[in-house]
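The following pair of complexes shares a single chain, chain A, combined with chain B in the former and chain C in the latter.
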Partner chain A sequence: MSKSTGVASRPVSVSDVSTPRAELFARVLDPASRANPYPLYAALRSEPVSRQSDGTWVVSGFDEIAALLHDPRISSDMTNAGQSAGGQSLIMQDPPNHDRLRAAVMGRFTPEVVESLRQEVHNLIDGLLDAVGSGTSLDLVEEIAYPLPVSVICALLGIPPQDEARFHGWADTLARTLDLDPTMSREEQAAIDHAFTELHHYLENLVADRAEHRGDDLVSGLLTGGDRGEPLRGQELLITVRLLLIAGHETTVNLITNGMLTLLRHPDILERFRREPELVVPMVEELVRYEPSVQFRYRAALADIEIAGTTIPRGSVVVLLLAAGSRDPGHFTDPDSFVPDRIPNEHFGFGGGIHYCIGAPLARMEAQIVLPELVRRLINPRLTMDPPPYRPTAALRGPRHLWIEVDGIRP
Partner chain B sequence: MRVMVDLARCQSYGQCVFAAPEIFEISGQEVLEYDSAPSDEWRLHALRARAACPVQAITIGPAAGPGQDLRQPPATRPAADSVGVLR
Partner chain C sequence: MSGYPSSRSERVVIVGASLTGLHAADALRDGGFTGHITLVGAEPHPPYDRPPLSKRVLAGRMSADSTGLPQRQDLDAHWRLGNAAVALDRDARTVTLEDGTTLGFDKLLIATGTRARRWPDPDEAALTGVLSIRTREDAVELQARLAARPGRVLVIGAGFVGSEVASVCRELGLDVTVVERSAAPLAGALGAWAGTAAGRLQRRHGVDLRTDTSVVELEGDADGRLRRARLSDGAVLDVDVAVVALGAVRNVEWLAGSGLTVDSRGVRCDPYCRAVDADGRPCDDILAAGDVACWPHPLYEGLLAVEHWDNAVRQARVAATTILHGPVREHTALPTFWSNQFGLNIKVVGVPGRADQVAVLQGSVERAAFVAAYGRGGRVIGALAVNTPRALDAYAEMISRRMSFPPDLNAADAPDPVHVLDLAVPAAG
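Here is the complex of A and B:
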């Protein structure tokens, strides 16, 4: 059993990284780098806009990422970089279509709607911790972080409780598609296709049902439209609902898991957090800076873009390495340290610009409720493996399991 | 409690409205309106809004007394951020 060794918080030295700069992003994508990609990011930042040998342009400096997040010559529609269309959800679209779809969601994903889920999140974490029972070890991912966000999304979408188990199954299967595992068997691929089809049919029926019987759930709201957004129909509504399910799930799992992992690697901060529960407010912000669920996003260049003394050619694939920008020493003091009350903290943990994470208020609320409850109820929690095993995906990064030993669970 | 928003930084992300709807509102044309002297009852909500602002445009300080310069940033007043746990 290893003690908390603080892998991710060890001072990072560029000299640790001997890879040629143009090969660095390939190493970021390599699952072997998943536990600690940050030295690679630091090496990339020495050239904040860096052309990789495969022609991809990686942007890793804070100022450069901020500029491109707001640059209309940067597209989220990857067909502009010669890639096949990756679904038509709003995160893969540009204005004006993006704006129309986003307004439809924002018009219904209101502060009142998020707030109405607060008690549900409390009930869920209570129930999940109760279910751990008298055990002295748990897998935080399987038993807490994974089931909780799916249940929250089900509550948001108005999925009847009796259907929730099926949703958990689909979410589980869809999460595996994020792993991009080249060794995936034909059977596994077939299972994923099957889950997609089942989910699609389920959502079709759900939408048809809500069209007849409007409720106060988000699906009914999207069908009705609002002050700022027109109603969504047909495929657009289905694709949007599926996006909310997928985007809102895995990222929140990772936020909770990375949060607990980071606290267990910093026992002094964990102790302070016990004494000062309100610390959770700036601390969750620091978590999404320090260990963001979304490490980077792909974009396409619509024109030749001059930036940082170089030119990104039109049609290029651009990687906005958000997690590297959030650790840019030009913008943050001591960026590789976890500082729970870092103020100000202007990070890219939820992106930026017109695609800023729609679910950010919900994610913050979930983390601000769940982390204090975990810290309050888990007695003497210890990591049993550090680093934990990670899911292979580089863009959505998080542990596959987080095994924790405890002396017990407080009521 | 005193709340100030640097409107030159504000980009109307609206995160403050989720965190503290009692203090912040974004009206039709994406213009932020806010209560610069909210009740201390909403202190936690104000702290949530400050933390959540993507461009960190919000500052929070103690209520200003008569004759005090409202434009003075809270950083120059040691009490500003030590009201609670935020040292």
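Here is the complex of A and C:
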């Protein structure tokens, strides 16, 4: 296996980007760009609102993204841009329906609920690292980052441990639905449809069971409703639970994996982090800026929108390239550097506006527990392959594997 | 033209030690000013925050003492508190204080703000129980009186302050009568349409709201305590607490004879916060900012005078820039303000009070979550967001772009169809 672990910093340059600007986003979607899309983003940002040859409008400037995240002429329901109806989950809906569904989730996904999962996260990372045993190499994705969040979500939703393995498979397949990728193969589409059907049946049974036997899990909570949200029922409940699974799983896998990858690429910062564990809070925030799990989101223009000297016509597909905005030199000093104590750090790693990530507190907590444990217990960790292989998904970006060699695991 | 301060010998005097004065001093130090800063305040307190006074302080959920404004840095300023300015001599470049002290200045910032308009009859105004709410002391006294659970509270005037006081009374379970001379509460700031909706809201919360009505007499007992109020509708209310919420008066009397252009709208300024003299010329060395200033705004006809927190902060910073660097940065920020009352978060941008049309563009008034845009002459000039605070940035942008009214947003949560209502055209300021 090839080794190239001495990659401490990889300057991002646009000099190798010779693609016409109107084709840049097609290159972003190309899996070949997955390991380092940031030069493409920088090239796009030279025209912060850029029309692509397929008619898509890519928004890559910080100010422009911030404005559109709050603009009433921007819709998350892609049928407004002539796309087929998506899952109709709340992230694909507009007010007032979005607001009602979001309130229902927020009313139950409270800070207390997040806090109640803290010990579970500690137990999970302890167990997963123990399971690595005396080995001297591990795949961080397969062995740590992947199993952990799905177990947390299962704990949150009240899924019995014996069903977790099935959830892994579904979550993996369904993450692909967050791309609007025209190159998606028929086989991929069929696999997605199949996973949807299976998950749907599973959740139907789960909901029916919880309707009979209420517990203190989130599904029971959503069925019951609360002060701030009315109860959810039927399809809406199923779709919302499915969203929590998809949106909450893969993103956290990537946060943990991208986090460890970034630390291993910055040995000086890794050392500093060992000495200053309190660095974890701003560092996780910086990770979400620097290597965000969610790179972009699609929107639809409900009316002509004048912005940045151009007009996005009504009915257009708009790509909010959040990861590009989070590296806009007009807003961040030295944006392509990983600065673990960057404060303030007003990034788009969790989105913004009315769709701001509901799970952000849970994601932060998981990363803030898992990364220090990895750094504490992995003895002399080195990257085996850099860059690692990536999953194909462009919107939800993260390594498929992250092979790490270690001298051992501390108890 | 005189130079701009750069050396230790330069003296900046800021008359007014509240939000504007504090932020101006802060911005001067941020800008590297190393000269003398003197802050003159009529009140004895260091700068404090007024918005909580009519809300959390009044409700007893926050102490008046904890409203002090944070000072981000050591301002190294001379504070002359509890000592109002009484005169300005432009030629001698001096400000005279109440205690007879004379302060020389190289640059003067007028930030004396406003005070509560008093009840017009001085004898009635002097009755125990007749209160205003502007200062910390006002809030402490009114809070104590509300905590003593009076039988009924009378609020005179249904602007934002009066409505907030009424909201707190209802929150405390107190009976409250609000008397408003015009047809609806908040109508001056938000127009009759929103005012009517606000009136329905207040009544739903149990406020005895009497519009198109005025208080004709406040009656006291032999000990000079308020006992009754006579209203123009013939009603006689037994009350021992009356809150006079008839708006604000600008603190400009001390500038009489100074040669500056001053009237009831305040100190006339140019867009750089430089006070304008009687011949219409801006003075490089005398500036005004905050509630006391009025100035031409590029988006609005005539002069704008804004009595809101956000404007005080922004205008103070523009004034500091002018003091340090001369007229290089115009004060063009849009007015914004907020209020919390009757369980609603209300945010406003622009100048809805000058609109000739209004339309709800998002949400629903019935569900108490909506955004309304205001137009004048076919352009968007203001917006009101109720329980949708994050929506306003987009509307601020529309106002700045002078977008045609009603703007074509086609928002997902728009009423169908969007109704445009005509409003009575108010005069430009």
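Quick notes
Criterion: the second predicted complex is superposed on the first by the 377 of 411 C-alpha atoms of A that agree within 3 Å, B and C clash if a C-alpha of one lies under 4 Å from a C-alpha of the other, contacts with A are read in each partner's own complex, and residues count from 1 in each chain.
Definition applied: contacts are C-beta pairs under 8 Å (C-beta built on N, C-alpha and C of every residue); 3 or more make two chains touch, one makes a residue touch a chain.
Predicted model, so just to flag it, every value in this text is computed and none were measured.
Once the two complexes are laid over each other on the shared chain, residue contacts for A:111 go to chain B alone; chain C is not touched. Contacts of A:281 after superposition: chain B is touched, whereas chain C is not reached. Contact with chain B, but none with chain C, is seen for A:360 once the two complexes are overlaid on the shared chain. In the superposition on chain A, A:234 makes contact with neither chain B nor chain C. Against chain A, in their complex, chain B makes its touches with residues 13-15, 17-19, 21, 44, 47-48, 50-52, 54-56, 81, 84-87.
In the complex of the two chains, the chain A residues touching chain C come out as 66-67, 70-73, 75, 77, 80, 94-96, 99, 302-304, 306, 314, 353-354. Chain A contributes residues 106, 111-112, 114, 276, 278-279, 281-282, 284-285, 341, 343-346, 350, 352, 356, 360-361, 364, 368 to its touches with chain B in the complex. Taken in their complex, chain C has these residues touching chain A: 361-364, 367, 369, 371, 390-391, 393-394, 397, 401, 408-414.
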